[in-house]
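Both of the next two complexes hold chain A, though its partner changes from chain B to chain C.
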Partner chain A sequence: MTGRKIPLSIINSLMPVILALLIGGIIITMIGQNPFTTYQVLFQQSLFTPQGLAYTLHGAAPLILTGLAIAITFKANIFNMGVEGQFVLGGFVAGIVALYCKSLPGPLAQFICLVAGIIGGMLFALVPALLKKYFRVNEMVVTLMLNYAMATVLEFLTTGIFRDNGSGYVTTPMIPKSVMFPRFGDTHITFFFVIVMLVFIIMYIVMKKSVLGYEMTAIGKNPGFAEATGMRVGNKIVTLMLISGALAGLGGAGYMLSDQYSYTLNFSANPGMGWDGMLVSLLGGHNPLGVLVAAVFYSALKNGSQDINIFTGVPQEIIAVIQSLLVLFLSVKFISENTHVFDRIRSFFRKKSSVKEE
Partner chain B sequence: MNIVETVRLTKKFGDFVANNAISISVQSQEIRCIVGENGAGKTTLMNMLYGLLKPTSGEIFVKGKKVVFHSPADAISGGLGMVHQHFKLVPSLTIYENVLLGNEIVKSRFLINKKKEIESVRELIEKYKFDLDPLAKIEDLSIGERQRVEILKMLCRNVDILIFDEPTAVLTPQEVDKFIDSLKELRSNGKTIIVITHKLREVMELADHITVIRHGKVIGTVGKAETTETELAQMMVGRKVTLDVANHHKKIGDQKEIYRVNNLSVMNSYGRKVLRDISFSVKKGEIVGIAGVEGNGQSELIDSLTGLMGVKQGQIFLEDQEVTNFWPDQCRRNKIGIIPEDRFSQGLCATMTVADNSIAGYHRNQSIRHWSLLDYRKINALRDNYIEQYDIRVGNRNGEVGQLSGGNAQKLIIARELENKPVLLIACQPTRGVDIGSIEYIHTKIVHYRDSGNGVLLISSELSEIMALSDRILVMYKGKIVGCVNPEETSQEQIGLLMAGIYDEQGG
Partner chain C sequence: MISNILFDMILYSTPIILCVIGGNFAYKANVLNIALEGMMLSGAFVSMFIVYFTGNIPLAVAGALVSGLLLGLLFSFLGITCKGNVIVIGLGINMMVSGIAAFVLRLMNSSNIYVKTINVSIFKVNIPLIENIPFIGKIISGHTVITYLSFFLIFVVWLLMYRTKLGIYVRTVGEDEDAAKSVGINTDFYKYMAVLIGALFSALAGVNLAMENLMLFTNNMTAGRGFIAIAAIYCGQGRPVTSSLFAIIFGLAWALSVDLSTYAGSASGLFNVVPYVLMTVVLAVVSIYRYKNNKMRGYKFE
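And now, the complex of A and B:
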């Protein structure tokens, strides 16, 4: 980590954002609106008004956790694609446990619910981790597919055993107000955000300063080296997957207790907090600080979309366009970093053209 | 007549000049050796000749004509062939099939003329007295024979100039002799031969002329008769060097045993037995060398001793404690220092910093931690200590380890392992790909470590290294220890026979 390298890596991380906003701006211009005022409205409302900022931070809280959940595994070159499943399972478990904690004092009930969510997320992550350790089953495939299994199981539970029969749509019973995190004043922000910031600080220290963080980096960069220097890669993979699952589960549980009141089939929205977390982590370069900034930015983008609708003539769907562009540019970056395919294409054509010269 | 000539050939990689205005001319029908330390630019030069790299500037002339090769295929059709250090042969096919692969002799459009193929390969073999059966399968051949097949591949494509890249690295001493004979046979049949090597002893045996390269520049070209090994070494390094380590082999006698391996047998992941019933011990103040042609179980032995491969049969003891199947971290905690075989895939992580690498394997030591977090002030102090004490030349101490040359990277590993005060050092290929200066240094360090009352297990494919350092030599062949010799009472030839699996059953 040399002093000179940091600005370059920041520019590199910002590139997809800049390109997405640029193309988004072109589209806005094409529908006859001013991109500058649109972006100004977008960020002014979501970041520079107290209410808007509070709402943005509230929205960023679960994203920070899912982003960290992705970052900690991706950094070690393990691919936990099951953050989405771990997130919804954590939320579901917390939502059900909360129903049985009615009579307990609020903080204790919330604590129990969060722990239940964490355990849920960890159990989900344990399965692929053990399969990977003992049978070398590709964790990317297992976690990815388990997401769908999880979604279906939870749908079954929500429409059957745990359905709130008094409600007109498919949902679990409402969590009593006493168990939900109270809001600070008249903002949306709750105590959950404080918990997230604490977890963020802990994760920052773990990833940057701890022995585990050191081993994680080594495993990510060179597993053979890690094994030969005694890092017991198999065990570390299980540990990292469990931490990742715990973060995602905590995210789901906290989202439930700070925002949702009950588990509906639309709990994690579309594309889902876990997938958004992946975007956030990629945008933040799998660096904890980067994840924090990216989560806030991403939440601001989501949050500001309503304001665009209200204050300008641009339809709020433009935000979906910008998000998609972001995904597109991030995947280009991801692919080029992981497969060097562009370098190969470049050298392929260079060779071709040099043959022609002679 | 000069058959190959380069004129001010230069290759730059970014700011780094790998070859600087190299002008050499090779006469027809001579054996030319290109010698130089690792990183001197020999391979870059050959890759430019062979069309694998494009020169930044300068020209190449073959048979008096200016040529520009874009690929090895271009080079071969221009009459220039290369035999690589690692063979590219199909083990399940026969010799003639391999030789003519991609160059088949066909009857009609689609059918291979097997008879004619065998005949033409047999002719080639006889012409160069290669002593091979064209119908033998590659998998049944020894390494030396495989190398001759590789040469045949080039010969049947009618090349006049043959380039060999470190050809003797994988051969036993007897095979080296045979190889040298083959080269002379080729020369007498009108071929020109260029050999890249850093083994001076062989250079003196086979070369007509020798070109020395240092730091990408030609230092000089000399005839064999006018030079000596020492003089060449001096030209390569640029200063006086001692080729032999000042090592007084000691009679160990009744010193205490510190490491013992009993009846170790290991299967690899395909279920093949790769180590058979290995037993040996290392005493206090002793260097035990394990010699053998590469691929005879040395790598598996190292892996099983250092916890990278599971042991099903046999036991390993360090002093009186059983350490069988200890993980690498347990080995290190129990004072076994490990210099891994492959520097940049096991010993160091090229994309991590020098500081991070100098604690690898010992990163759980209390001394570099503050509470349970890594204390980078202490780690950086440790790094600086290693750099100064072991004379590690590093451009940017805060940079990545990948910037270090082979020798300096190896010194970092040695600093890390020795400074953690092990009682036993398992040193694998400690000087592979390392410059002569560092070799000297590393050998001195190992001997010094032994002299302070520790044991060393040295595994190396460099026979001269084993001979110079060891107090006792074990020879491995096909996963077994086939002999145990005293370096003062043996010769390279005797060990060579053992390495080739020729031994009398009672001996050892």
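And now, the complex of A and C:
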């Protein structure tokens, strides 16, 4: 049974990728460009050169964290859509705290910044979690709304109180080089990637081997049953939301300290690292190992999008379109116990052939 | 001042009301449609796109409605026929519309679509007699066509929901799908209808937002109005009139945040938070009120 299940889930993740790239290719053809060269450029640089691969892994680090943040809640059927907000808050807080840690030794300053980011993300996740626990407010609606509120507040703080007046555009002051994570050699990979891998291993154990991981799956499958067997579903929801917020906050803080140098209004880009995390989690089937692979794949896609902007006539905005198509196709399980797409096709043809025989 | 705020309240309520009364059907049919946001954005984008290239306003409205319907069909096909996760599909559609809009804007080498030749004042309707009443005239008169239509549609939707076969069947399907199936109702058909009505109304909301009021499209201009509408639907539990009242409250919050921010000086940016925070608070209060006497353990997941 398990032997059959693993390839099935891989096919379920591969089919949408192929379909989305296919439709993306059709769009590229429609604007008069060659889809094959575009895709070649897209993946060649970002996956098959050492420098590009290192940059891809570097870009995958925050995605792994936001992906895990989404996976841990989606698995329990809680929809923490606030990962985006938690991510930017974590980044912002870390960016501001870093300014006050100038005189501290590097590792200590980085540790303080990361913790500050984690606390920021957790506090933001706490609001919908408590509302859900005590008042049964739909967490999805609340988090979606609070993302906008968070974006507005941070925009206000960046353009007002924390603005770097010496800069020509809206941004917070630059983080001193001593607080930023140093790079390994001439690659883009920093110590943050190591931290992410450690967190990944911890999360793998939590999700796969721990009691909490089991309870999470149970709540996701049937909250009524979980409650009846004595789990305190409300408390578990708060715990899961806090972990999710912490992961997202850490992602934001690490992204700030390993890549960004300062908080700009475009910190998380469009459509945002939190949403990318949702795609990564869906692509990985809410499974930690799947998230890891999906994050690297998606980072390659994002990384390569800059190359196609330079080397071909295709605007890099095509990636956002491909990404949304991916999400759409990933929402449907092509082969599963519920839909039986292939069985249906098979039975359809069987019917036809049996008609012929008659 | 007050009349200004109330006038703006009606102005900002309109798209939310349209999304709310459209989204009610999907809510009642137990298909949570969070793609309202994307459908609204597509209505805004397609209408402005067509106006920009043809200048033909009826064609633009028709195009926007068709784009909404197509998204509704996509949503229903993936969510109802293929039984996908509707929340993920909804977010996917939201991302897709914004992604396509960004892509097309990039191809047009522009950050927005703006039509100078058509003045938005042609959409404004001054009601002859009411216009002259001192205080009320200023508030009620001078809105756009779709604004008046949306308030009229609240009543139509109420009729549709409670007095027609379609509405009753949609509600039956939402309450107990198996029971509905057992008496021979084509449940998928009514779910499709519920989603499509929402898609149509949301696209209209987009037309109101972009074309009627501004003649301008910028990407992501809907700014979470679709999600606010979903909150209003939750607060009103899918009842058209109650939900619309919540939509008007959010419209008021929006008007307050915009009108008061002009007096706030440097803190004006912070006022934009008001609608979102108010919505969270209202949602919490409504939930507290609803579950006040609930002694049941456990959590129902939507």
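Throughout what follows, the second predicted complex is superposed on the first by the 298 of 358 C-alpha atoms of A that agree within 3 Å, B and C clash if a C-alpha of one lies under 4 Å from a C-alpha of the other, contacts with A are read in each partner's own complex, and residues count from 1 in each chain.
Methods note: a residue touches a chain if its C-beta (ideal position, glycine included) is under 8 Å from a C-beta of that chain, and two chains touch if they have at least 3 such contacts.
Predicted model only: the values in this text are computed from it and were never measured.
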So in the superposed three-chain picture, is A:230 touching just chain B, just chain C, both, or none of them (first/second/both/neither)? first
I'd like to know which partner A:318 touches here: chain B for first, chain C for second, both or neither. second
Which holds for A:165: it touches chain B only (first), chain C only (second), both, or neither? neither
Between chain B (first) and chain C (second), which, if any, makes contact with A:271: first, second, both or neither? second
Between chain B (first) and chain C (second), which, if any, makes contact with A:142: first, second, both or neither? second
Does chain B (first) or chain C (second) touch A:327, or do both, or does neither? second
For A:103, using the defined touch cut-off, is the partner it touches chain B, chain C, both, or neither? Pick first, second, both or neither. neither
Chain A: partner with more touched residues, chain B or chain C: C
Shared chain A footprint, chain B vs chain C, residue numbers 224, 227-228
Residues of chain A that touch chain C when the two form their complex: 27, 31, 77, 79, 81, 127, 131-132, 135-138, 140-142, 144-149, 152-153, 155-156, 159-160, 223-224, 227-228, 233-234, 237, 270-271, 275, 278, 282, 315, 317-318, 320-321, 323-325, 327-328, 330-333, 338-339, 341
Which residues of chain C touch chain A in their complex? 34, 74, 78-79, 82-89, 91-93, 95-96, 98-100, 102-103, 106-107, 223-224, 227-228, 230-231, 234, 266-267, 269-270, 272-273, 276-277, 279-280, 283-284, 287-288, 291, 297-302
Chain A-facing residues of chain B, complex: 54, 68, 70, 306-308, 327-332, 338, 340, 342, 345-353, 356, 359-361, 363-364, 369, 372-374, 396, 398-399
Given the complex, residues on chain A that touch chain B span 1-2, 205, 209-211, 214-215, 217-218, 221-222, 224-232, 351, 354-355, 358
